[in-house]
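Below are two complexes that have subunit A in common, paired first with subunit B and then with subunit C.
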Partner chain A sequence: MTGTAASRVAVDSQRTDLVVAAAAVAAIGAWLWAFLATDRVGVLATLLAVAAVAFVLAQRAAPRYRRALTARPRVATSLVVLVVCAVAAALRDQSYPLLMLCTVLLFVVACVGLDIQIGHCGIVNFAGAAFFGTGAYTAAVLAARGVPHLAVIAAGGVVAALVGSLLILPVLRTRGYYAALVTIAFGILFSTFLEVNDALGGPQGLKLHGIDLFGWKLNRDVTLGGSTASFYVNYFVLSLALAVAAFVFARRVERSWLGLAFDAVRLDEIAAATFGIGVARAKIVAFTLGNLLCGIAGAVYAMMQGFIAPNNFTFGESLILVSIVILGGIGNPLGILPAALIIVVVPQKLQFIQEYRFLLYGVLVVLILLFRPEGLLPRRIREYFPGSAA
Partner chain B sequence: MDAGVLAQYVFNGVMLGVIYAMVAVGFTLFFGVLDVIQFAHGDVVMAGAFVGLATYLALHALGIAAPAVVVLVVACAAGLGMALLGAVIARWLILPLRAAPAFNTLLVTLMLGSILRELVRLFYPNGSNPQPFPRLLPAASANLGHFTLRLDTTLLIVTGLVTIVIVNLVVRRTRLGLAIRAVAQDSETARVMGIDFERVVLVTFAIGSALAGFAGVVYGLYYNEVNFDIGLLLGVIGFSAAVVGGLGSIYGAILGGFLFAALQTIGSVALPVSSAYNNVFAFAVVIVLMTWKPTGLIAEPASERV
Partner chain C sequence: MTAAGETANGPTRDTAAAPLLACAKLTMRFGGLVALDALDLHVVRGEILGLIGPNGSGKTTFFNVLTGLYRASGGRIAFAGRDITGLAPQAVYRAGIARTFQRSRLCLPLTVFDNVMIGNHLRLSRGTGFNVFRRRALRRQYEESVEAARALAVIFNPQLAARLFDAAGALDMIDRRRVEICRALVNAPRLLLLDEPSAGMTRGETRELMDDILQVRAARPALTIVIIEHEMNVIERMTQRCVVLNYGRKIAEGPFRAVAAERGVQEAYLGQVVA
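So, the complex of A and B:
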C-alpha cells in the first residue's frame, strides 16, 4: 500500500517539522529569559548579535517550520503560552522584567484590537494610544469611586468603544490619508486635552490602587511552597489571560463571516458592496471591537502601573502601537507578540547606551521595513481547511 | 473687542498661517508626485532651522556681521541643505518603498522624523535644550493704538508669501513644473512621454524640502527660539492643513495653512475656556471639516474607476 506509506512519511516529516519548530520557539523563549534577566552590557550585546545572526540564518528554513506551526493553530498557541509562562516563572522574583513582560502582553491586547481595524478591515487608526488612554482614565476615575474592579476593566473597554463611536462618522466618510488625519487629529486632541484639563489631574496625572478581583489582591506578593514571587506574577497571569483571550477572539472573528466581510471591505469596498456586504456595518463593528480591546488593555495597564499621566498616551505612543502591528506583519495576530517584544523591550534594555537608544531603535525599525517590508510574520492567504495549503 | 487687539490677533494669525502653508505645500507636492505622505517633513523644518542657526554661528565666528548678508546666507544654507536632505530621503527611503504598502512609507518616514530629532538632540551642542535664534531682522515697529505693526514680522510674512508664490509659479509655468504635474497626474504616461520620473521625484522633494528649510528659518526668526522637538507638531499641523485643503492642490495647502492658524487663534481668543484648549479646538474642527468634506475643501479632481 504505497499510498498509506507515502502519507505516513508525510505525517512523519510534518511531525519532525513541528518538533523543530517547537524547539525553535523554546530557544527563543530561553533567549528572551536571558535577555530580560541580565543587565550586563556584554551579555546583552552578545545576545543581540546572536539574535541577528540567527535571524539571518533562519531566513531560508523559517517558512517550512512556520507552516508546521500555523497549520496547527491550537498547538502553536499553547506552545507560545507555555514558553511565555516558563519565561515568567524563571523571572518570578525579578519585578522589573516581569513588569516589562506584562506591559508587552497588554500592548499585545491593544495591538490585536488595532490589527482587527487596520489589518482586517483596513481602517487606519493612529489614535490607538488615545483609546488605550480612555480605558486607563476610565479605570482611574471609576476605581476611585469604589466600583468593583472587574466592572472597571469592562467599563474601560466600553467607554473606549463609546468614545470611538464619536469618530465613526468621519471614519466612514473618509479614506486613506484623509482617514489617517481624522485619527491623528483625535489622538493629538486627546493628549492635549488631558494635559490642559484640571478635573483629570492635568499633566500630573492620576494615581490608582492595584487590582482586587473578588478578594484576589494582585498587589500582594505570591508565596507558593515556601518561595516568594513578585506580585507582578499576578498581573502576568491576568495579562496573559487577556492576551490569549484577545488572540482567540481575533482568530474567531477572522474565521467567521464577519472576518470575511472585513477582508472584502479592505480589499475593495465597491466590490464588497456589490456583493451585498454592509460596508458601513463591517467598518463600525471592526472599529468598535478594536477600540474595545484597546480600552480593556488600557484599564488593566493603568491599575498595574498605579499611576497614569497624559504623556503615556501621546501621539508617539499611538505610533508605537501601529509600528508593532506593521512590524509583526499586518493582519497576523501571531506576529504581534515578537514585534511587541522588540519594540517595547529592546529600547528599555538598551539603557546602557542611554541617549543613543531611540536613535538606534529608529534606525532598526527603518532597516526592518526596508529589508522586510511585509513584517516579521506576514499574514497568509485565508485557509479554509487548516494544513491544506501546506 | 478693541479693533487694535483684533488686528493684532489677525496679524499674528497670518504669520502662523504663512509658516503652516509653507509646510503644507511640501506635503501636497510630495503627495502629488508619489501619492505618499512624508511624515518627517516637520522634522525637516526643524533641521532647516538648526542648519540656519549653525550657519549664523559660523558666520559670526568668521566676523561677518552685515545683517542683510547674514540673513541671505542663513536662508540659502537652510534651503539648500534641506533640498539636499529631501532628495536623499526620496532617493534612499521613499523610492525603494514604492512597491510596499503605503503604510510602510508612513511608518518609515515617521521613524526618520524621530531619527532626525534624536540626531539634533544628541549631536547639536547642548541640543536637548531650546536654542536662542538670533534676531537678524530690523526691529522697528509702529504703534497704532493696541496694534503693534512689527517690521520684522511683516518682512517674514512677505518673504514667506513670495516663496510660496514662486513655488507655485515654478509648478504652474515652467517646463519642470509641467513635468511635475504630468507625473502627478499619471506617472506611467508621463514616463512614456519621455519624462525622467526619478529626476522629477527627486527635484520635487528638493523643492518641497527647501521650502520647509525656509519655513524653519522663518519660524526661528519669528519665535527667536528653536528646539529639537518642534517638528512633530509642525509636521502634524502641516499635514492637517494639506489634507483639510485637499491633498495634491497647492491652493488647498495654502488655504488649509491659514485656516489652521485661524482656528488656533480663534481657539485661544474667542473660546470661553482657557486658551490652552486652542489645539483641542483646532483639531476638533479639523475632524468636523473632514466629516463634512471627506476629501478636503478643494477636492482631488478624481473619480473612482471600477
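So, the complex of A and C:
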C-alpha cells in the first residue's frame, strides 16, 4: 500500500514539475515576444535585466525542471515549437521583428554547424561567414538561372561543403592557433574576392527573388480567415523547420559514436590516434557537416533578404558567429538560441550602438570567459539515449 | 590458438616458437640525441616483460616508436610475423598493440564509458548515416557496448562498474588508471604496453592495481604484457624477464634477480663507483 502511495506521489510531483517547466517555457515565450516587439530602449533594458535576474535565480531550480522536460523529449520539443509559433503569431503583422526572428533562427542553423566543428571536434573555424556567404552566393547565382528553389537551398549547403573540402587540407596540416589562422586568412580572402569579382556583382552585390517552394511563394502576404499577416511568417516557418532539423541533427551527431570520435580528437589527438581513431577523417566529417549547415542557412538567408553584398560576409561576421557559439555554451546546441537572440537582436534594437557593436561583443565575450567560461547553457555529459536505463 | 589477421601477409612465420614482437637494430634519433641506439629486443608470447632503466634511457621512446607515434630513424619491428615498421598509430592498434600512458591521457570531461569506448572504436559503426539516421541499430550497439564495458570494469572494481556514467575526471587516481587499462583492453589486444602504471600512486594502491593486472592476465592467459616500472618490487613481482636500457641501448636481459645483481645495471642506476 505504502509503495503505491509513494509512487503516486512521485508521479504527481513529476506532473507538477512538468507543469512548472511548461509555465517557464511559456514565460520565456512572453518575454521573447516583448523583446522582439519593443523598440524602446527603457523597455529593452528592463527586459534584459529581468532575464539576467531570472537566469541567476533559476540556476538552482533549473535541473529539476529540466529533467521533467528531458524525460519527455517529444513533449518538450512540441512545447518549445508551440511557444515559438505563438510568439510568431503574436507578431504576425510586424514585419521587422519577424525578420529579426528569422535571422536569429538562420544564424542558429549556421552556429549549430560551427558548433559541430568548434565545440565537438575542436576545429576553430573563423570563416563561418565565408561558408554562410558561399551558400548565399550559390543561391543568388543558381536562382537567377531558374533552378528550383529547394535544389538551390540544398546546393548552397553542398557548395559550401565542397569549398570547405579545399580549406580542410591546410587545416589538417596545422593545429591549434595555426589552423585558426588558416581559417581567418580564408575568411578575409573570401570577402576580398567577392569585392573584386564583377561576375558576382562586386561590392554592389546581387539581388534575389523570394523563395518559391513548389508554388508556395514565401514573399506573398498570408491571409488567414480574413486577417492578413506579413509574408515573413512564411520565412519564419521555413527557418524554424530548418533550425529544429539542425538541432536534432547536431544532437544525434553528439549522441553517437561519431560524436565520441569528435570529442576524442578534440580532447587528445594523440590518444585518439593511439586507439585507432582516424583523426583526419573525424575532422573532415565534422568540418563538412558544419559547412553544410552554414551553407544551407546562407542560401535561405540570401533569398529572404533579397539582396546580398560582400560586406554581409566579412571576417567581422565570422567573429559574430563564433561569439554566439562561445556565449551559448561550447558544444551545447541549446545555448545557441539565447546567444543568437542577444547578439543579433540587441544591436538592431539599439541603433545608436551600431558603431560600437564589436565593442559590445568584445566585452560580452570577455565577461563570459571570465565568469562563465562554459557559456550560458553549459554542455552536459553525454547520454546516448536519455531516459534509457542503461 | 589461432591467430587472426596474419595470413594477409603471405606465408606466415608466426609460429608458437617465434617471438610475438621482435625489434632489430631499432634506432630513434632526435637531432643529435640518440634515444634508441640499435636496440634488439624481443617479447615472448604470453610473457610479462619488464622494461627498466634510469630516467631518459629510452623506455617511453621505445613505446612511442612501437605504437607509431614516432617514426623510427632505423631498424625494423616485426609483430606476430608481420613487419609493422613505420605504420600509423591507428594501424598498429589494429594489428593488436594497445598501451597506456605514463601521464594519464584520459578524456576527463567524458564518462568512463566514453573513455573505454574510445578504445573500442574500431568495432563500432563509424558511418555518419548510420550514427545519425539508424538510431535503433545504434541503440542495440550501444546497449551491447555498455555490457562489454561493464564486464571489463567489473574485473577491476565493482564500484567502477557502477560509475560507468560518471565523468572520468571525478574518479581518483587509481580508478583513472584502471579506466586507462580498460580502454587498452577493450579491443582485445595481443600485446599490452603499460607505461609506469604505478606513477603517482601510493604503495597500497600500486599493490591493488598490480593485483588487478594479474587478475586480467588470469582471465586472458594469451595476453602478452610489457611493463615499464621504476618500482623494483613491482617488477620483481610481475615479470618473468627484464630488459634494462641505458642511453637507448640494452645493457642487460634476464630474470629480475639476475639482472639486478649485474654490475653494469647497478652502475647505470647509481653511477660508476669511483675507486
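Keep this in mind: the second predicted complex is superposed on the first by the 343 of 390 C-alpha atoms of A that agree within 3 Å, B and C clash if a C-alpha of one lies under 4 Å from a C-alpha of the other, contacts with A are read in each partner's own complex, and residues count from 1 in each chain.
Operating definition for what follows: a contact is a pair of C-beta atoms (placed from the backbone, for glycine too) under 8 Å apart; a residue touches a chain by one contact, two chains touch by 3 or more.
What you see is a predicted model; the values in this text were computed from it and never measured.
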Since both structures carry subunit A, what do subunit B and subunit C do when superposed there: clash or fit? fit
Quick one: classify A:Ile116 as touching subunit B (first), subunit C (second), both or neither. neither
Which partner does A:Val285 reach: the first (subunit B), the second (subunit C), both, or neither? second
Touch test for A:Leu169: subunit B only (first), subunit C only (second), both, or neither? first
Taking the superposition on A as described, I'd like to know which of subunit B and subunit C A:Val253 touches: first, second, both or neither. second
Quick one: classify A:Leu369 as touching subunit B (first), subunit C (second), both or neither. first
Considering only touches as defined above, state whether A:Ile270 meets subunit B (first), subunit C (second), both or neither. both
Who contacts more of subunit A, subunit B or subunit C? B
Considering only touches as defined above, state whether A:Ala24 meets subunit B (first), subunit C (second), both or neither. neither
In whole Å, what is the nearest CA distance you get between subunit B and subunit C after the fit? 6
Interface residues of subunit A shared between complexes with subunit B and subunit C: 270
Which bits of subunit C are touching subunit A when the two form their complex? 67-69, 88-90, 93-94, 98-99, 101, 105-111, 114, 117-119, 121-122, 124-126, 128, 131-133, 135, 138-139, 141-143, 146, 165, 167, 183-184, 187
Per the contact definition, I'd like the list of subunit A residues that touch subunit C in the complex. 249, 252-253, 256-261, 263-264, 267-268, 270-278, 285, 289, 381-385, 388, 390
Would you mind writing out the residues of subunit A in touch with subunit B in their complex? 118, 124, 167, 169-170, 173-178, 180-182, 184-186, 188-189, 192-193, 195-196, 270, 315-316, 319, 322-323, 326, 330, 355-356, 358-359, 362-363, 365-366, 369-370, 373-374
Please output the residues of subunit B touching subunit A within their complex, sorted ascending. 31, 37, 93, 96-97, 99-104, 106-108, 110-112, 114-115, 118-119, 122, 232-233, 236, 239-240, 243-244, 247, 274, 276-277, 279-280, 283-284, 286-288, 290-291, 294-296, 304, 306
